[in-house]
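What follows is a pair of complexes built around chain A, which joins chain B in one and chain C in the other.
This part shows the complex of A and B:
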């Protein structure tokens, strides 16, 4: 399966290529009052606002943080209005399913992220 | 006296004759007449004999009395010297003898008194001379000891003088060595001053070269900065290309199997962009290293320039110091010459002092020997003065005895 993968904190993560609409450098992020803590704010992408979700705060890794500007990984399909803030070093590749919730890319295990579940968790996160 | 005796005999004879003539006329009896004549003649004879003896013995008795008085020591009596007979002559001779004896005794008494006084004076003088001689002997012995000590001191002084001469020789050698060292130092200072001036000139050239190097390094830094900017731009392009490739991959996957080839191309583009990014990163690292190294190099060169300036100042000061050393070594050479001359003079004077001290030692030894001889002579003189004192005592005693003996005579009324 085609994947996008990256390093965050102490872990390696991958997400299905079909769940991603595009990847772009993160521009200005405008905070939105009363929004969930995992939602950093709103950004602009091709003239449309998108909700920026802080992926590190949704992972169970206290060391996970995005250094630098990072990239916005905009989701595809019904979740096209949301994007994950991920490190700039995002790679594309092919992986094979491994044990539950993991894929093997070039012989190394990565945690396979479920975009829909993460968006729901961000929305439910208080 | 003879006349008196003749007159007396004639008188006795006349009277006897007169009796022999007259009595027979007066006394007829022959017997009685004879008897009367005998008696009368006997009486006349006895009377004449008494008269003769009185005439002879009277003056002799006087002289015997005087002699007895003289024998008792009384020489003050006066002898009757009147008359013209032999006894008178005897009395006059006796009186003359008495007067002469008295004069002699008075002279002897006066002489004995003078001898006694002189003997006492001589005794006291000899004792004083003895005391003085003892003092002289002690002083002479002290002088002898002092002369020996003086000789020893002078000998030690002479040894010290010889040591001084040796020290002067060593000082002269040291002065010669110092002079040679000063000349050597002067030569080296000359060489050093010339070398320092050449070094100062070389440092100026070096400073100019380093300044040029610093300018070149600064220009190189500017170039490195430009390279860094270009690399940053390349990295940005690579990242954008990388994102475009990823997005192309996403789009290709969404297009299905027909876009599989496009996906492969997009993947190749991404890999190419990653390679470019990697090379750009390497170039950036190398550029950073070059930039850091050139920065360090520029700082080092600036420090080198400063150090070269300081070195030039130091070298110029060293050249000035060499000039000072030259002046000092010239002064040292002059002073070494003066020391050498002074040491020669000191050595000559020390030799003279040594010779004078040797003469003093000889004189002191001679003085000590002379003083010992004087001491010996003084000892002999002391013994002689003791004998003289004893003789003076004996003379005084003898003159005292003489005075006692003369005192047995009565010389004055």
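This part shows the complex of A and C:
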């Protein structure tokens, strides 16, 4: 399967290419008061506001953090309007399914991210 | 130039072309005419025309030209050969042959026999020949004698007009357009040949074929056409009206468009307006007023006009939903044995289709509730001296940028005291809160999610079924639900809505250094929170501007933002979800803007207190407040 993958904290993560609309440098993010903690705020993309989700905060890895401005990985389809904040170094490639919830890319295991589940978690306040 | 040396050559070639053309013309007979034959016939006639013109034989060239025009349309399939086509073509070619003979004999080429043949050719060209292939008689002065009998004063109805524009004038295509303009005052132009697009390119051979629908008597019509200076000659024949698919020229044609595609176009134009705003904003201040800035402003106006035009196309009459609402009322009425008179007033009011789609389910719900829980049984109504049939009325009104939909019945109404009692029983209010709650606010209790969850529904709680969903749906559009009811005297539910959803006028405000937008439609007025305009009571602040004291909340406090300005902001006076008047204090008013409100994207959709977000001209993002749904403590 075609994938985008990156390193975050101590882990390696991948997401299906078909789930992604585009990846671009993160610009200004405008906080939304009273929003769930995993939502950093709104950013502008092609004249429209998109919600920026703090992906590292949704992973079970306390070391996961985006250094610098990072990139916004905008989601496609029904989740269009949401974007994950990811590291600037995002690669594309093909992988093969490995053990549950993982894919193997160039011999290395990556956690396969479920975009829909992550967005749903991001909407929660706890 | 002395062309006599070429006469023999011309005679030989002309005869050869005429001979071949005559053989091909004999095959032009209805449906059997082969395409290749038609094309070849056209080519030969075209050659005859050109050679004759070169030799100065105008009459011969003119006759060949008419035959060529007919062949041109036949070979393109624009007209079909008629039974008379072969005969007329053959006659014309025979006439040309005689003209060539006279040229060889150095006699006058034109002896007058071509005129009726040319009329017949033109008649075939414009479809005005009768079954014998004869054109109607044309008065040399240009007025037509009607075919058949007709009352002198009877309207002409639908007529087919074939006219020749005067060739001795410059710019014949322009002349034709002038003629069409004048004909348009005599009736409706149903069909024009050649079409206006062709005339605009200057392609015009002097002949117009028009189908006209006129209320003028035929003779009057003919006289008026004859009086047109640009017209050389014409024929006028009553005809049948064209089939419906031949839509009138001009603005009456209609087109079906998929609603989704229209929505997409509107979104794209909104994106265009945002982009233009960014360009305009990007121009440095010292370049404001420059040609580029003026072009950006012109582009913005054009985009706005396009948006308004597209949204206008999306407007539908409320009537499209009337049937469903009436059916709901009828079904519940029959099921419960409660006769109900259902009336809709203002169903011709046009509403944005996307707005109506969001409201139709809430409206169906309210109609069902009104019949089920609002209107009494026939026995109850008799005992209350009311007409046997309950009255249920929906009234739709539009005022400028506001829309009002009222659902009103003459049923048992709502009793604020009973509502408070139920709320206490449900744990929604303490007894003390119930005492302090105004009766008008109590009516809104039925929209509370917990109000109608009892296993056994009473007529009181039943009226609230689903009303929380209704209220939410209305407020999601930027509207308000207002309830007015008296015990035993019916209930009135008003949906006060903005007429448009996306492009709104708003004030950009700041609180704690963060920018927000507040739609003008949500504001009643503004009041300064200076020493003069502020009252403190029981630890709460009130705006004292005007005749009433209005409780004020600082937006910073509501949203959990730090205070950067202790006192002295501006209170935005608005209406709360309960229908009471409240003030929201901000630090400053930045200015008024026209903004494109986009819904908050997932996972923020449904966040209370906001109706969306907008991207400003400088690319920054503002949250659009929904003052009525801010979580005021």
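Rule of thumb we're sticking to: the second predicted complex is superposed on the first by the 125 of 126 C-alpha atoms of A that agree within 3 Å, B and C clash if a C-alpha of one lies under 4 Å from a C-alpha of the other, contacts with A are read in each partner's own complex, and residues count from 1 in each chain.
Note that a contact is a pair of C-beta atoms (placed from the backbone, for glycine too) under 8 Å apart; a residue touches a chain by one contact, two chains touch by 3 or more.
Since the model is a prediction, treat every value here as computed from it, not as a measurement.
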Query raised in the report: Based on the superposition on chain A, does the combination of chain B and chain C result in a clash or a fit?
Result: fit
Query - Greater residue coverage of chain A in the superposed arrangement, chain B or chain C - result: C
Report task. Mind working out whether A:4 is in touch with chain B, chain C, both or neither, as first, second, both or neither? Result -> first
Requested in this report: Please work out whether A:15 is in contact with chain B alone, chain C alone, both, or neither, and reply first, second, both or neither.
Outcome: neither
Query raised in the report: Looking at the overlay, does A:40 come into contact with chain B only (first), chain C only (second), both, or neither?
Result: neither
Report task. Answer with first, second, both or neither: which of chain B and chain C does A:86 touch in the superposed model? Result -> neither
Query raised in the report: Roughly how many degrees, to the nearest 10, is the angle at chain A when you join its Cα centre to the Cα centres of chain B and chain C?
Result: 140
Query raised in the report: After superposition on the shared chain, which partner residues are touched by A:58: those of chain B (first), chain C (second), both, or neither?
Result: neither
Query raised in the report: Between chain B and chain C, what is the shortest CA distance in the superposition, whole Å?
Result: 20
Report summary line: Listed in rising order, chain B residues that touch chain A in their complex are 239, 243, 245-247, 249-250, 253-254, 263, 267, 270, 274
Report summary line: Counting only contacts in the complex, chain A reaches chain B at residues 2, 4, 17-18, 20-25, 71, 76, 88, 90-92
Report summary line: Note: in the complex, chain A contacts chain C through residues 28, 30-36, 39, 42-44, 46-51, 53, 79-82, 119-120, 122-123
Query raised in the report: Which of the residues in chain C come into contact with chain A in the complex?
Result: 271, 274-275, 278, 514, 559-561, 598, 600-604, 607-610, 613-615, 619-623, 631
